[in-house]
Amino acid sequence: MTSQSRKRPFWTIERRDAVAGYAFIAPQLIGTLVFVLFPLALVFWYSLHEWNVLANSFNFVGDANYQQLLRDPSLPKVLTASAVFSAGLVVLNMSLALLLAILLDQKLRGMVIFRTLFFSPVVVSLVAWTIVWSFLLQNNGGINGFLQMFGVTGPNWLRNPETAMLSVIVVQVFKNVGLNMILFLAALQGVPKELYEAARVDGASPFKQFRRITVPMISPTILLTSIITIVGSLQVFAQIAVLTQGGPGVSTTVLVYYLYQQAFQFHFFGYGSTLSILLFLIVAVLTFAQWQLRKRIVFYEN
Amino acid sequence: MSKCTTLKSSVALASLTLPLAWGGTAWAQDAINLRMTIWSANEAHLAMFDEIAAGFKETHPNVSVTFEPLPFDSYTTTLTTQIAGGNPPDLAWILETTAADFVNSGALAPLTEAFTATEGYDLSDVTEQATALWTKDGQLYAYPFSTSPFAIFANNDVLKAAGAKTPAELIEAGEWNWDNAFASAAAVGQSGKTGLVVRDFKYQTWQNLASIWNGWGASPWSADGKSCTFTEQPMVDAMTVIHKAIFTDKAMPGPGEDIDFFAGETGMTITQISRASLLPKENPFDWDLVPLPAGPAGEYAVVGQAGVGAFAAGPNAETAVEFLAYMTNAENSAKLAQFFPPARASLLNTEALAATNPLLSPEQIETVVIEGIASGTVLPGHTNFAQIQQTVRAGLDSLWVADADVPAALQSVCDSVGPLLAR
Amino acid sequence: MKTELSPRVKVALYGLMCVLLIPFVFPTWWMVTSSVKPISDIFAFPPDLWPRRFDWTTYGKVFELQPFAQQYWNSAYIAAVVTLGTMVFSSMAGYAFARIKFPGANLLFTIVLLGLLIPSEVTIVPLFQMFLKWGMINTHWPLILVPIFGAPSVFATFVMRQFFIALPGELEEAARVDGLGRFKIFWIIALPLAKPALGAVAIFTFLHSWNLYLEPIVFISARNMFTLPQALTQFTDAYGGAMWNIQMAAATMTALPVLAVFIIAQKQFVEGLAHTGLKG
Amino acid sequence: MAPVTLHHVKKSYGDTAIIHGVDIDIADGEFVVLVGPSGCGKSTLLRMIAGLETITDGEVSIGSRVVNDLDPKDRDIAMVFQNYALYPHMTVETNMGFSLEHRGASKAEIAERVRWAAGILGLEPLLKRYPRQLSGGQRQRVAMGRAIVRNPQVFLFDEPLSNLDAKLRVVMRGEIKSLHQRLGVTTVYVTHDQIEAMTMADKIVVMNAGKVEQIGAPLDLYDRPANQFVASFIGSPAMNFIGGRITTEGFVGAGVTLPLPAGVSGENAVYGIRPEHFELSPDGLPATVLLVEPMGSETQVTMTLGEHQIIGVFRERVQAKPGSTITIKPDIANIHLFDAGTGLRIN
């Protein structure tokens, strides 16, 4: 019996394993192709068309919708609103999450209760949460009633262009900051205690310990949560729909809400698709930029 | 193990398919089911419609009608979405604001011939004023089943407590005009309660303000709908008064204050008379129903309309039109009239209306309902209304602040909506 | 940072946390208490922390105004199916990408990862058209299929892959020697060990589905097919006026069960989340 | 029980060859240890026998069957892994019975076999526990129990003791050996620890860089290493090597001339002598003491002989101070000479 004379069966271990691999990924892959990538191609196709629903017409118009995008007087305001919302949300969310995580990381009794309470809005239905806040934020609602007790007359939160955006951001921050808080807390607890002990022996102040040890050690978590938070912030819809309907003016009309209006309220599916392409490009560029950033600045243990 | 896996997967499969199966219904072969979208989920309304449908079934045993209530807020959006999806209902209620969109689109089936051919229908009984909005080139495309005048409900308890004159007193004195109405409202507002609420306006549905500005002879756009008239003098004057009433005199609740007149803490509200059903039955207050006050341009009335049309593209369009003719014939119109003020001259008399509106006094029916329907202007509408509504809404937001420059704010409205109107 | 804190510092920290808690806890408190206030008391100024009068009829009215039980069921079973489906498909794909060698794995993984960049908000228009073609508008299929295969499940696949990569290879080899094929290794060995990651995926997926709002309002128009978030915004009288106390009763019923589950299982919840492999 | 034969076995990943053609014959019931430095390919070779790695070329046979394309489960082998690979979510009992369960054994049969194995290894009190509740030694025993439960033809061990502390390692070494003696199953055992190899093996296969350096009984390898690599790898402390030339006067290194046995020839060579093959002798060669490490039973002395640093191990208690000179004598019956170029043994 030599190796030359032995015939290898077709179904070798590797081949069988490869088939298993394809079978395992098939549902996810096919699903992603059908429900994500194919629709993305369709969005692009639609964006090249003028599409009148009631009259049932669908005409190729080339880049006309993209021309409209450049001329749309509302679009700069919408993009500004989106940028303000995302930036405000990320900054507030991340810093509050970090603050809460550091507080919860202290050696105190009852931290589990505090952690549970801070996290609780995450599991409250988003629309329920937003409806409650929409009531609290009314001019004659709970917040101003509360302020009144201290003799302060609060602004008309949702009707004032300056405070409307702030309100939407803050409502969203309180809703979801618990998620990032937990991730930060896990990261903080993963920092080896010896590092702090070594730093204390070296005479580093608590602030310096935070800046030179804590932040670098949890930087991967900071980066990943910020990616998720930013991409998530671009998808904000229910909060806007319930709290401000994009107003006052267009001050809280973020891109997704504008897209929804154009496509499903005004039935401009062609232009709505063009806005979708814009949204996709923004998400893609932001994600890519952050991954690049990750390579540069994030500290790694290995 | 494999048994267990099979069990698990079949449970998963069943839970996937079961609830979805509920969405579909199997029909008998030659049966026709007509679907009508409506925006009322009121059980009394539904019971009446079911009764009418049952009546139709007596002569057309194979036809049944289902009424599909859609949420009012997103009614037109949902309806248009269904049409866009190639799944239009057979019949649909249509709001006056979007009448132009539907009548002009060619999506609706023409009704005039079918109605005239129906025995005992008497289309001429329906007032022309009411059908104007739903007619194109002499052809009726939807029947105005509800022509509901805007009027003022007053809470005399609240008004008197604030030392304000009630509308009845003002009418008696021949002084029922906006100056005095706002003065009464301001007195209530400054007493800590709410003066006057334009119901459903909520600083979003600005077209409801037509119930005020029509008194100044103002309108949002020209008669042909091509040019913006927010900047013309009547509108500027009307808006200046409204702005002052809100921000200086506290006669009306400010933006972001949600007030319900029927909770009993408000002096007056402008709304359609069909809202009388919301009057509280327990702890009732001394209420009154009066016509809109006179404006600088004289006496006027405003009505909200709702039409019902049949879609031309559906496979059962003919049957749908037939049903529509049945539903809106003289006999059934009388039934509809108990909830929806009718547009038929024969029903527009005090006796007929009193029978169906026991809450209202004969005088209220006469002054508010009959005169209102007879002389009322319909709320503004336009093709492409959704986008225009939103654009104006966004523009007007700059007006709803205490220190707004009214002409400038209105100018900005025209700047943004003008190009849309001109299209 | 880890030394024993002085009593004064402790008091200060407790005080700070209690103040910070207000915006997290008060809205829920307010929601629950307002649900049993008569409508006229809701606007009491300043607001009452405890209802002056109780009106329990609000809860009954929730069910009168909407087919709320049906809507509750809709949301619950959709979230359950989506969660289950995502757990199955994402763990399978995550496992294969992490542990099985097959040609093109990297390319295919990149393709799947692209899904992360495409939230369903981007593709909502064609999705609407597709489901229309398939006659699935006003059914729950879009609310099930899109999340199971869209961006959230791609995220889940990523989380599962990160977890499986870290799983010791020896366990699988031992299982192979013990006579298990690929699927059984996955099902009997790898999956039970992936409980923490699966838990995190389940939480994320459930909350995502439970909170979906844009998709239902686009795809669903019949009241009895509504999901809870959609239904919550519909508690208005016949003419669009908000009915706050009833809305709060509905919101309370929507929020409390999940809140209760969370409080009971909060340890597993939090630990599961901390295991998402997001530590880099 | 069956013999295992490796015939010209090769392994490569793409263009990188890991195993360069290995031939090993393992007799039925034999305990063979594959030993070598890390990265020498011994684990890969074991995993190829197990079926966990594919075989690029050549043949692996178990009994009379060529198993190249058989799944691990069809090879009738059992394996004990370095980290034990106990299923964390199953009890000891389930872990041990797991493979039988998946081969369709009846419940009663499984229970009986598990009880039998647990009895041999003293695991009865632990059967209901989970792996995380066990100590390292207990886990090791469970891993072995899992292997013997099935009564396979071949046992494969992949560095099973490397995670245990030194003392436990000695105990477990003994247990594995006695288990083998009791069951008599053909065993292939991989380790990097030459002491394990020496103490346990019937036959040692020394591997380096994907090749077999030498196969033989432990003491054969110790006494007559075939090349310099084996010589250096087997034995602790390691053999001393002194480079130089073979002349008629003896072996000439740098600054020292060492005695040679009769009849050796060659030019450039390496002179190898184990530390224990020096003796203190007044007529020996002078060496300068660098370090003295008394072990109790013996004394280890690091010193320079000529210019070469060497280690000697003496039964006597050496009382020398660093820097002082002692005289030592190599035992010429136990010297090893290797070709300086090829490293092959020349005497």
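Here the chain labels run A, B, C and D in written order, and each chain numbers its own residues starting at 1.
Here is the rule we go by: contacts are C-beta pairs under 8 Å (C-beta built on N, C-alpha and C of every residue); 3 or more make two chains touch, one makes a residue touch a chain.
Keep in mind it's a predicted model, so treat the numbers as computed, not measured.
Trainee: Most central chain by CA mean?
Mentor: Central chain: C.
Trainee: Check C-D against B-C and say which one is joined by more contacting C-beta pairs.
Mentor: Contact tally favours B-C.
Trainee: In terms of CA centroid distance, which chain is the most far removed from chain B?
Mentor: It is D.
Trainee: Quick one: chain A and chain D, Cα centre-to-centre, how many Å?
Mentor: 56
Trainee: So how far apart, in whole Å, are chain B and chain C when each is placed at the average of its C-alpha atoms?
Mentor: Centre-to-centre distance between chain B and chain C: 38 Å.
Trainee: Rounded to the nearest whole Å, what is the centre-to-centre distance of chain A and chain B, using the mean of the C-alpha atoms as each centre?
Mentor: Taking the mean C-alpha position of each chain, the two centres sit 39 Å apart.
Trainee: List, in ascending order, every residue of chain A touching at least 2 other chains.
Mentor: Residues 14, 140, 264, 269 of chain A each touch two or more of the other chains.
Trainee: Listing for chain B: what residues touch at least two other chains?
Mentor: Residue numbers touching two or more other chains: 81, 84, 258.
Trainee: At least two other chains touched by the same residue of chain D: list those residues.
Mentor: 51, 71
Trainee: I'd like to see which chains touch which, written out pair by pair.
Mentor: Taking the chains two at a time, the touching pairs are A-B, A-C, A-D, B-C, C-D.
Trainee: So in the complex, the part of chain A that touches chain D is made up of which residues?
Mentor: Against chain D, the touching part of chain A is residues 1-3, 6, 8-9, 12-14.
Trainee: Quick check: in the complex, which residue numbers of chain A touch chain C?
Mentor: 14, 16-22, 24-25, 27-29, 31-40, 42-43, 46, 100, 103, 105-108, 112, 114-129, 131-133, 135-136, 140, 142, 145-146, 148-149, 170, 174, 178-179, 182-183, 185-187, 190, 193, 196, 206, 209-210, 214, 220-221, 223-225, 228, 231, 234-235, 237-238, 241-242, 256, 259-260, 263-264, 269, 272-273, 276-277, 279-280, 283-284, 287, 298, 300
Trainee: Mind listing the chain B positions that touch chain C in their complex?
Mentor: 1, 5, 12, 15-16, 19-20, 23, 40-42, 45, 68-74, 78, 81-82, 84-87, 199-200, 258, 260, 263-265, 271, 274-275, 278
Trainee: Quick check on the complex: what are the chain B residues that touch chain A?
Mentor: Chain B residues touching chain A: 77, 80-81, 83-84, 101-102, 105-107, 203-204, 254-258, 384, 386-387, 390, 393-395, 397-398, 400-401, 416.
Trainee: What residues of chain D sit close enough to touch chain C in their complex?
Mentor: 47, 50-52, 71-73, 77-79, 81-89, 98-99, 102-103, 146
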